[in-house]
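Each chain gets a letter, A, B, C and D, in the order it is written, and its residues are counted from 1.
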Amino acid sequence: MVQKGEEMKDYSPSEMMIVRAARELEDGQVVFVGIGLPNLAANLAKRLHAPHIEMIYEAGVFGAHPLRLPLSIGDPTLVSGATAICSIPEIFMYYLQGGLIDVGMVGAAQIDRYGNINTTVIGDYHSPRVRLPGIGGASAISLLAKKMLVITNLTKRGFPEKVDFISTPGFLGGKRERDKLPVEGKGPSAIITDLGVFGFDQVSGEVVLQSLYPGITVEEVRERVGWELRISDQLTISPEPEKEELRIIREELDPRRIYI
Amino acid sequence: MKESKVLSMKEAIARYVEDGCKVICEGFTHLIPFAAGHEMIRQKKRDLTLCRMTPDLIFDQMVGAGCARKVVFSWVGNPGVGSLYALRRAVEKGIPHRVEIEEYSHFGMAMRLLAGAANLPFMPLRDYYGCDLPKVNPNIKELRCPYSGETLFAVPPLNPDVAIIHAQRADQLGNTQMWGLVGVQKESAFASRRVIVTVEEIVPEEVIRGDPNRTIIPGLIVDAVVEAPFGAHPSYVQGYYDRDNQFYLQWNDISREVSLLQKYLEEWVLGVKDRQGYVNKLGEVIIKRLTPPASWSQPVNYGIYR
Amino acid sequence: MVQKGEEMKDYSPSEMMIVRAARELEDGQVVFVGIGLPNLAANLAKRLHAPHIEMIYEAGVFGAHPLRLPLSIGDPTLVSGATAICSIPEIFMYYLQGGLIDVGMVGAAQIDRYGNINTTVIGDYHSPRVRLPGIGGASAISLLAKKMLVITNLTKRGFPEKVDFISTPGFLGGKRERDKLPVEGKGPSAIITDLGVFGFDQVSGEVVLQSLYPGITVEEVRERVGWELRISDQLTISPEPEKEELRIIREELDPRRIYI
Amino acid sequence: MKESKVLSMKEAIARYVEDGCKVICEGFTHLIPFAAGHEMIRQKKRDLTLCRMTPDLIFDQMVGAGCARKVVFSWVGNPGVGSLYALRRAVEKGIPHRVEIEEYSHFGMAMRLLAGAANLPFMPLRDYYGCDLPKVNPNIKELRCPYSGETLFAVPPLNPDVAIIHAQRADQLGNTQMWGLVGVQKESAFASRRVIVTVEEIVPEEVIRGDPNRTIIPGLIVDAVVEAPFGAHPSYVQGYYDRDNQFYLQWNDISREVSLLQKYLEEWVLGVKDRQGYVNKLGEVIIKRLTPPASWSQPVNYGIYR
């Protein structure tokens, strides 16, 4: 995922995303973890400011002690040495629907002005231009976890004003509409991208640029967003990854540099 | 790194079982948490709503001791022996005080706990057709299938304040392993706001981590872990001790008479400090009689994936 | 359960009931087994004419290999050496509701003219004269097993014209009413008592005396039945237990004579 | 006493998988029954409705080979790698012929199987609020809670004609034990009219009986048992072999091109007689690379109760 033109920095955009996502996690939270950047972010947080994070893997694993970086969501290294395994119905019924999950992290092929996520089709559902993977566990995470983070690269195609298909609801047509849903999840709290971090307007639920990564301009972000982007009054520059963060990511979490 | 959840039985019951709360003590014949039941009696807990599919001797004793306001169940009796007389006295005659009942079928209770664990506002089931129970228990409702239009029944979730579960072993974080009959313990634990696990043995985390598929209740939902060897007697623990069928027979005579029941409670519950006192009193002869020869499972290979 | 006045015969009424219940079971059937006489009957059938019977215990045991007579429905001897254990929700959802059970056997405190079973209260529900154990698994067995046998002693109090409370439905007000229930179970097929065996009228669902045990008269049965009992045109005398049946019951199944 | 259900893979697939039937091949990353998938391709099964939460390479191969009429799923992709190109070609361009899709979320698929196993005409769940999927899949319906009146969603049961489940071991009567991730295999087996179990090892009944809590699928519902060592490659079997992540990467290139896919099928599926042929072709180097060092669980005591 290392992008060209970033060689000037001594860290990659993926590393920055991992660090930013990790900082969103709080100690003691129960985190529903997917493979790749979310897994790295949760493990980074656990080694630093959030030692009591509890990780639940969608495949049915609690208390994993992986000896290597998991390469698939059901990697056997998550199982050996874990404290509990459960079935898929149990993960969804008892953990997610049961309200045990504080934070979930999902990806997105498209995400729109109100944080709605499309991972199903580009174009018409019945004769799509591009067929994407579908919902998987994402809608349940959005609706049932108390908090949801979206982690995705920022691309023009990926940030249209309105997604072609709502696979996983963000704030729908606006926060008021989302608030009507009778579920725990109150909508995404942040979108962590390779150029910066977006939050959501507390009243309308509209995407707001909250923080830029060092060296990135508002214009670069605007160019890749398909609507008239709102910029926060308190726009910040995200601090660069600290040495210790990078050391843990590179030496401990992803020594073969598969994701970073 | 994480803090141990190990407490004494006294601390666990004092901290998590409040007067007036709803307590579930599951275990289908197997693993009934008698040690915890006795501690609730010793601590004079009052106005509890006691939930179990089969109230068994544990609730007969607690009702006889005056702990209960209500009992929620699906089959009430001393299995294969007769009645639970203390419970009947409370329901029928208000001795020591009036106790309410709320009843379902086994299937209904199991589905209430499943719904409770899954945070569903109801669970559909194919039971109760033609039965009189829905006429006297308005919690059991008819429901139409949104596809076929056919009629089913629904039960509401059961979400106790506290679940008390006995098991063979747990680590100090509450990761709990159980084998033999597993009943509705997993559902009871997930359905409850708090979970107290009492075990025959607290084992090192490595034992649990060596066989994660054996873990029925994850530490994530456990609030307290109590070591209580012989903590399920007179019920049993697979591989550890047998059911004390003789005591179940004796109970028939004890619970029939208020005075004998009181004498039993004074001697075996109030008269001992804790479970160790009970076990000492029980004595080696009974313990030896109930201890089975070993039959070990074969280990399975999980593999090391580096 | 041995009754006084039966010393003339070289078998007990309980043994006769076990033998008669066993003969109702067919090879290859999946039987939902309770403790006591049903367990003995199923095991007797398995050793004789029905070697491929599969037994499921309500507590969650399949393929039990008990080394002793189980004394409780969750006896540990049912678990050691069994082929599979499952949870209580699974027994009810997947085995019973899932339609896997061919025959179930239940007891009764009261049973009426249409085979309805009361195990809940004698008298009014809210202020009963006698409080009984309740439904347990019996209603599910009646509704979800393809066939149900009732095993109970014949007593005047136990056979009223109408039960005080329908815990487990038989034919309700008649077979037509039962047939309307949208379930697999089509009503009880027999009541096996200590004096004889009852069946049900194919059209009305009314109890019909089908078979008397040797030495029992129709009058003795009538005396204990609380309504104008119908007698089958083909009333039979049940053959006495065979030597081999008694040998298996006494030597192999219940050597300590707990139930017989 | 009972008759063995052991069949060769060829016999099992020929006997129980009919053209046009609905087949589920579950296993969440773990225990994907590739050996059975390859045999279905060899036997030129046609018009199958293929059900899996994650179609994975096994269905990409079967669709590419022309076995499928429809695919029912909840997440379709080569996990962590990219697309399933054969499946996309069939859906988008009708190559080798048009394949229908029917999709849910993971939660929805799991609840469809639970409902199927439990013989419920629907299962309620808290998913799909605000989602567009119910607009394009009329099987997902709104439902009102009979207690609170709140809106939930419902999915209908999934009841395949055949479930094919891979596991570590079974006895010859089909009592099947599994550890590591267990996914929705139990529900899939109970939901299906027929069950074929393929295993790494057929073991004596005593091994199974030594640890009955490990049994995920009882022989009662199993129609055929097939011994198929390495039968889940390129997915994995906990304790037996690792996931072949390299092959999952290679597949990205293979499935992109019809010609490469055909070459793969000819060489690795049609070109071998059975799984043993595939394993021989795979060779010792790959097998060695994928075999983990052992990590044995501790045995547990069930006790002998006489």
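Please note the rule applied: contacts are C-beta pairs under 8 Å (C-beta built on N, C-alpha and C of every residue); 3 or more make two chains touch, one makes a residue touch a chain.
These figures come from a predicted structure and were not determined experimentally.
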item: Chain pair with the higher count of C-beta pairs in contact (C-D, B-C); value: B-C
item: Of all other chains, the one whose Cα centre sits farthest from subunit D; value: C
item: Centroid distance [mean C-alpha coordinates] between subunit D and subunit A, Å; value: 29
item: Gap in Å, rounded to a whole number, between the CA centres of subunit D and subunit B; value: 37
item: Intercentroid distance (Cα basis), subunit D paired with subunit C, Å; value: 41
item: Sequence positions of subunit A contacting 2 or more other chains; value: 61, 75-76, 79-81, 85-86, 93, 97
item: Residue list for subunit B, restricted to those that touch at least two other chains; value: 119-120, 125-126, 150, 179-180, 182, 210, 213, 238, 242, 292, 295, 302-305
item: Pairwise chain contacts, counting only pairs that touch as defined; value: A-B, A-D, B-C, B-D, C-D
item: In the complex, subunit D residues that touch subunit C; value: 1-2, 117-120, 171, 173, 175, 186, 190, 205, 208-210, 212-213, 215, 217-221, 302-306
item: Touching residues on subunit B, where the partner in the complex is subunit C; value: 28-30, 53-54, 73-77, 79-80, 83, 88, 91-92, 103-107, 110-111, 113-114, 125-133, 136, 150-151, 179-184, 186-187, 236, 238, 242-243, 245, 248, 292, 295
item: Complex contacts: residues of subunit A adjacent to subunit B; value: 30, 51-52, 54, 56, 61-63, 65-68, 75-77, 79-86, 93-94, 97-100
item: For the subunit A and subunit D complex, residues of the former touching the latter; value: 35-36, 58-61, 71-76, 79-81, 85-89, 92-93, 96-97, 120, 125-126, 128, 131, 133-140, 143-144, 165-169, 172, 177-178, 181-183
item: Touch list for subunit B against partner subunit D, complex; value: 119-126, 141-143, 145-148, 150, 152, 154, 156, 168, 177, 179-180, 182, 207, 210-211, 213-214, 238-240, 242, 292-305
